[in-house]
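After this come two complexes, each holding subunit A, first together with subunit B and then together with subunit C.
Showing the complex of A and B:
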C-alpha cells in the first residue's frame, strides 16, 4: 500500500469523506432533492472546468475561460432576439475560434499559455464592454423560455442542467478515450518533446486543446446567461478560481498527462460540497475565495509531478 | 553574428522608440496631449502601476512570474487604511506608523508567496495566482465589501501638494525607482537575480543559494506592492477589496512591453519605466483622441502578445507550455 498507488484514488475518497462529514453534521444535506439542486447549480462551473481540463491536461493553462464566459453572456443576451436558436451556434463558434487563437499564439508564437490566454481574455473583456455598452443586458423572458427553456427546467426532480452536463461529459470522455485527438493530447501531456519526436503534429493538437477549452467556456457562459436571463461583462467573475480548483482537486496535475475529464467531474463535486459545507458551517460567501485559494495551493502541491520539472520557475 | 547584434540592439531600443513614436502620434492628433496638465495626469495614473511593475520586474528577471499583485495591493491598501485610522487618523498624530507597518505586511505576503513557490515546488504563476485570490479574499473579509476612507490633508498631500505641476507622489515614485535601480545594479541580491534568470543550474553550480534568492525576490516584490497599495490610497483617498483590480494585467504588460524578457535574465528597472509609460500613454492617449476607454484591455492584450513575440528568440526555444 504505497502512497503512489493510492494517489489516483484520492479524489473520490476525498469526495466521499467530505460528503459523509457534511452529512453527519447536517442530515438535511443528504436529501436527494438537496443533492440534486446542489449539482444543478454547479453545472456552468463544471462545463468551464471540463474545458479547462483539456488545457491543463497538455500542461498549459487557460486563464481566459472566465472572460470568455463573461463575453458570451453578453453575446447571447444581445443576439438572442435577432438570431434565435442560432445564437447558441454563434457562441460556440466564437469560443472555439478564440480558443484556437490562444492556441495559435501559444504554439506558433511561443508565448506561454498563461500570458496568451490572459491577453485573449483582455480582448474578450473589451469586446464584452463594447457590445454591452458597459450595462447589464436582459433577455426577453418569453423568447428565452421558448428557445432555451429546456436547459433550465426540471424533468421529474432532476434539473435539466444535469443532462447537459452528462452529455458534455460523455462527449469529452469519448474525445479523451476513443479518438486520435484524445490519445495525442495524452502523449503531449506526458512528454511533449517525445511526442514531437515520434512524429506527432503537436502544434495542431495543442491548438485544438485550447479551442475545446474555449468552446466549453462559451457553453458555460451561454448556460449561465440563460439561467440568469441576461448578461454583463463581469457577471461570471468568480468562476475561474473554483474551476481551476475543480480540475486540480480532481487529480489532473498542472504538469498534465494524467487525470482527465472524469476526474474533473469528481473535482467539481468536491468544490460543490466544499461550498455547501461552508454555508452550513457559517463561513460567509465573502470568505470562500480565501478558502478556495488555500485549497488550490494544497491541491497543486499534492498533485504536481515534480519529476517533470527540472527547475521550478 | 552581425544579425544577432542588430537584433539585440533593436530589442534594447525598440521600447523607447515606440514610446517616442506614440507621444508624437497622439500629439499630432490632439495637441492638448502635450499639455503639462495631461502629463501630470499620466504621471499620477502611472505612479502606483510603476511600483507594482518594478516589483514584478525583479521576479521576471529571475524567470519566474508573480500574479499575486491584485490581492497584495488590495489587502495592503485596506490594511493601511485600518492601521492609519487606528493610530489616530492623521499622519502627524501617529498615522505615519502605518507606513512601515504596511511595508512589513507586504514583505510578509511576499515571503509567504516565495515560501509556497520554493518550498512546495509549485510553479510561481500558479502559487502566486492562488495567493492573490487569498489576498483579495482577505481584503473582502476585512472590509465586508465596504469602502474605507482616509481624510487626512497631510497624507493626501501626496496627491494635492504639487511641485512644478507634478504631485508629491510622483517624486516619491521617482526616488523609489532610483532605489530599485540601485538594488538591481549595485547590490549582491540584484546581481543574483540576473544570475538565477540567466541560468538557474549554472547559478546553483557556482554556489549560489538559488532558493534563498528566489524567496528574497518575492519579499522585495511584496514591499513594492505595498508601496503601490499606499499610493493607491493616497490617489483615491479610500481603499476597498478591489483597490488592486487590473494591476496584474497592466503591470505584466508594462514589464514585457518595456523589454524585460519573460524567460529571465534580460532587461531591468528602466525597461519597466519605459513600459509603464508606454501603457499609460496609450491609455491616456486613446481617451485624449476620443477613443472609448473599454478598448484598453483589448489593446493591452494585443500589445503584450506582440511584445513577447518580438522579445523571443525563437531559435532558442523548443516549446512552451
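Showing the complex of A and C:
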C-alpha cells in the first residue's frame, strides 16, 4: 500500500540517488559547468523522448522516432542551402505528417503502433539513404551559424539548447495539462473505451499523438544536425533505446494513462547521469546500448500496469 | 463435506463477505441467491479458489484446506461451470474437454486422437449428449456447449479421489424452457456423482432444483431455506430486506409522459445478426424499458442510437432530424447520453479525477480554442458532488477509487450536466448496493420530471416493471410485444417472460 503511494516519486528519488552516487565517486561530476554541459548534450535526445511520451501516454509506441531524426538530419543538410530558415518548417511539417501517417495506419487500418511506426521508420531510413546517396552531408558553416547558430551557442554559461528544451517542455506541459487535446490523450491512455463512450473522437486524438511525436522527433533531428553541422542516414542511431528508457524510467508506463512530459524530463536526466557515469566507470561506447537495454527491461518490468494487460504477446 | 466457516473478504471500500458460513453435503444441490452485489460471485470465487479469504477457514471432509488458485481447488474436486462460457470456440469438443490434461493421451509425443475421442464420448455420456467429440465447438448450440462445459468439469471424477462439488453460475440464462428442463434432469441425475451449487437470478428455477437455498444480502448469508419451506416472495423479501414494493421503485413519482413531444423515433432499424425491423418511439419524460434475454438485441439498440453501430436499413430520427452519420460525437451533439453496462470499463476513466470525468463528454463547453477552463470544470464538479451527494473527498478524487454507486453518479452527472435529454441506461444499477440503487431510481424519476426521455435496460425484470412507462420485449433481435406500464396497471413478470422465451 505504501509502496503504491511512493511509486510516483520513484523517478526523482532515483535521480537524486544516482547523482549523489556518481557525485561521490567523482566530485568533478557535480561541478555546475559539467552538469550544464551534460544537460546541453542530452537535449536532442530529450526532445525525441518528449515526443515519444505522447505516443506512450496513449498506450502506444513510436519506433520511428530515431529514423525520423536520421532522415531530418539529411533533409536539413540537403535543403538548408536552398530553403534557408524555411527548412525548419519543412522538417517539422514532414515529421508531423509522417507521424499522422503512423497514426492513420494504427487507428484506421488497425495495425498495432509498434509495427506501423516500425514500418514508417523503415521508410524514413530508406528515404534518408536515398536522399543522401548514403553519404554524410555537410551544412555550409556560415549559413548554419547565421540561421541556426542561436540554437547551439551559450548565454552566459548556459547552453542555448537548454532554453529550447525548456520552451518545448513548457509547451508540451501546457498541452498535457491545460488543453482538450491533453485531457483527451489522458482519457485515451487511462480508459480508451470510456473515452469513446463519452463521445470523444478517439481516432483523431490518437493520430494527433503520433503526429506530435513525429514533429518532436523532427525537431530533435534538426537540432542534432545543426549541432553536428551535417546529416547522415545513421547519425542518430543509438537514440531510440535511451529515449524510450527516458520515458519509462521517468514514470510513463507502456500501458499509458499516467506520467507525462515532466516525468520524461526527469527520466532524461536519469539517462544523462547513467550515460555520464558509464564514462567514469570506463564502460566503452560500444557497450552502452547493452546497459540501456537492461535498464529498459527493468524499467518496463517495474512500471507496466499489468491489470490493463489481459495477455502479452 | 465441503465447509466454509466465518469466511471474510474485503476489497478496497467494500466488505464483500461478512463471516459467511456455508456447507454442502454429499449429493446435495444447494441454491445461492441474492441481488447483484450481495456477494454471490465473491463467495463462488472463494469456493473455487480464485480468491483467497482474508479470514475464516475452508475445509473438505473436515480437513482444513487453502487454495492458491482454481487449479488447486480442482485437485480437491471443486469445479466451476462458467456463466461466460469458457470453451474455446475453434477447438473441437474433445480438445476442450481435455484442455490442459492431454498428457494422458500422449504416446511418444503424439496425441492419440482415438483414445481422446472415446474418453470424451464417455464424458459426454454422463451429460447425455450424443455428439461427435471431433465437432468444432462453435458449431454447437448454447445448450450443447453448456453441457460440454459440464462434461469437462465432470472429468474431475476420474482425476481426483473424493467427492465433487460443481458450481453452476447462471447456467440457464441463455437456455430455452425445454433446455432448462433437460439440464435440470441431468443435474438431478448427476447428484450421485457430485454435489452442486446452483446460482441463478431465476428464483423459480432455484426453488425447483435446490435442496437448500442460501440467501445472501450485503455480503452476509441472511438465511438458509430448505426446499419448499418458503415462497418466492418470502425469499425475495429476505434478499432485499423488505418486500419489493412500489415504493422501492418510486412508482408514486411516475407521471404520464408528454405524448406530443417525440424525442426519438426508430423505424425498421436492422443490424445483421443482432436486430431486425426495430421500430420504437421515445417521448419526453418517458422511461422506456427494453426487456429480453442476453443477446436479444437490447444492447444493439442502445449502441445504434448512440452511434457506435451503423444500421444497414431503417431510419433513426432524433428530435425530428434523420440521423445519417452514426458516431458517438454526433449522438452526443444531438443530446444523447449513454451510461454503459461496464461502468468501470466504459463508464468512468479510472485514474482521472471526478471533474475530469464529468467534463469528458463536454470538453468543448469548458474550453476556448482548445484551452480548458479548469476552474469552471471544478466548479461544475463541486456543484454535482453536492447535488447528488457523491461521496468523494473532493473534485480531485480519482474516480477509480470511488464505490460503484458513486461512480455511477459521476457518469450520470456527466450527461445530466451536459444537458442530455435522451438518456440510454444500460444496467445502471448493476453491482450497486440497495441504497445506491434507490438513489439511481430517484435520479431516473428526476430526469422524467425534467422531460428527459430514458431508454433503460434494467438489471432485473422487477426493476424494469417498476420503473418504466412502457416496456418493449425483445427476442432474437425482434420486438415481440409492447406493454403500457401505468402505475397500478403494470404487467406481471409472467406476462413478460411469456414473450421473452
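Methods note: the second predicted complex is superposed on the first by the 312 of 313 C-alpha atoms of A that agree within 3 Å, B and C clash if a C-alpha of one lies under 4 Å from a C-alpha of the other, contacts with A are read in each partner's own complex, and residues count from 1 in each chain.
In this section, a residue touches a chain if its C-beta (ideal position, glycine included) is under 8 Å from a C-beta of that chain, and two chains touch if they have at least 3 such contacts.
Predicted model only: the values in this text are computed from it and were never measured.
By the touch criterion stated above, A:257 is placed in contact with subunit C alone, subunit B being left untouched.
When the two structures are aligned on the shared chain, A:183 is found in touch with subunit C, with no touch to subunit B. Set against each other, subunit B and subunit C touch different numbers of residues in subunit A, with B touching more.
Touch criterion met: A:193 reaches subunit B and subunit C at once. Judged by the touch definition given at the top, the superposed model places A:127 against subunit B, while subunit C stays out of reach.
In the superposed pair of complexes, A:201 makes contact with subunit C only, with no contact to subunit B. Of the two partner chains, neither subunit B nor subunit C is touched by A:167.
On subunit A, the surface touched by subunit B in one complex and the surface touched by subunit C in the other have residues 193, 196 in common.
Considering their complex, residues 306, 308, 327-329, 331-333, 338, 340, 342, 345-352, 356, 359-361, 363-364, 367, 370-372, 374, 414 of subunit C touch subunit A.
If you check the complex, the residues on subunit A that touch subunit B are 58-61, 105-107, 109-116, 118-123, 125-127, 129-130, 134, 192-193, 196, 202, 241, 254, 284, 286-294, 296-297, 300-301, 304, 306, 309-313. Per the touch definition, subunit B reaches subunit A in the complex via residues 62-65, 67, 116-118, 120-127, 130-134, 136-138, 140-141, 144-145, 200-201, 248-249, 252, 256, 262, 264, 292, 294-302, 304-305, 308-309, 312, 314, 317-321. Across the interface of their complex, subunit C is touched by residues 178-181, 183-184, 186-187, 190-191, 193-201, 257-258 of subunit A.
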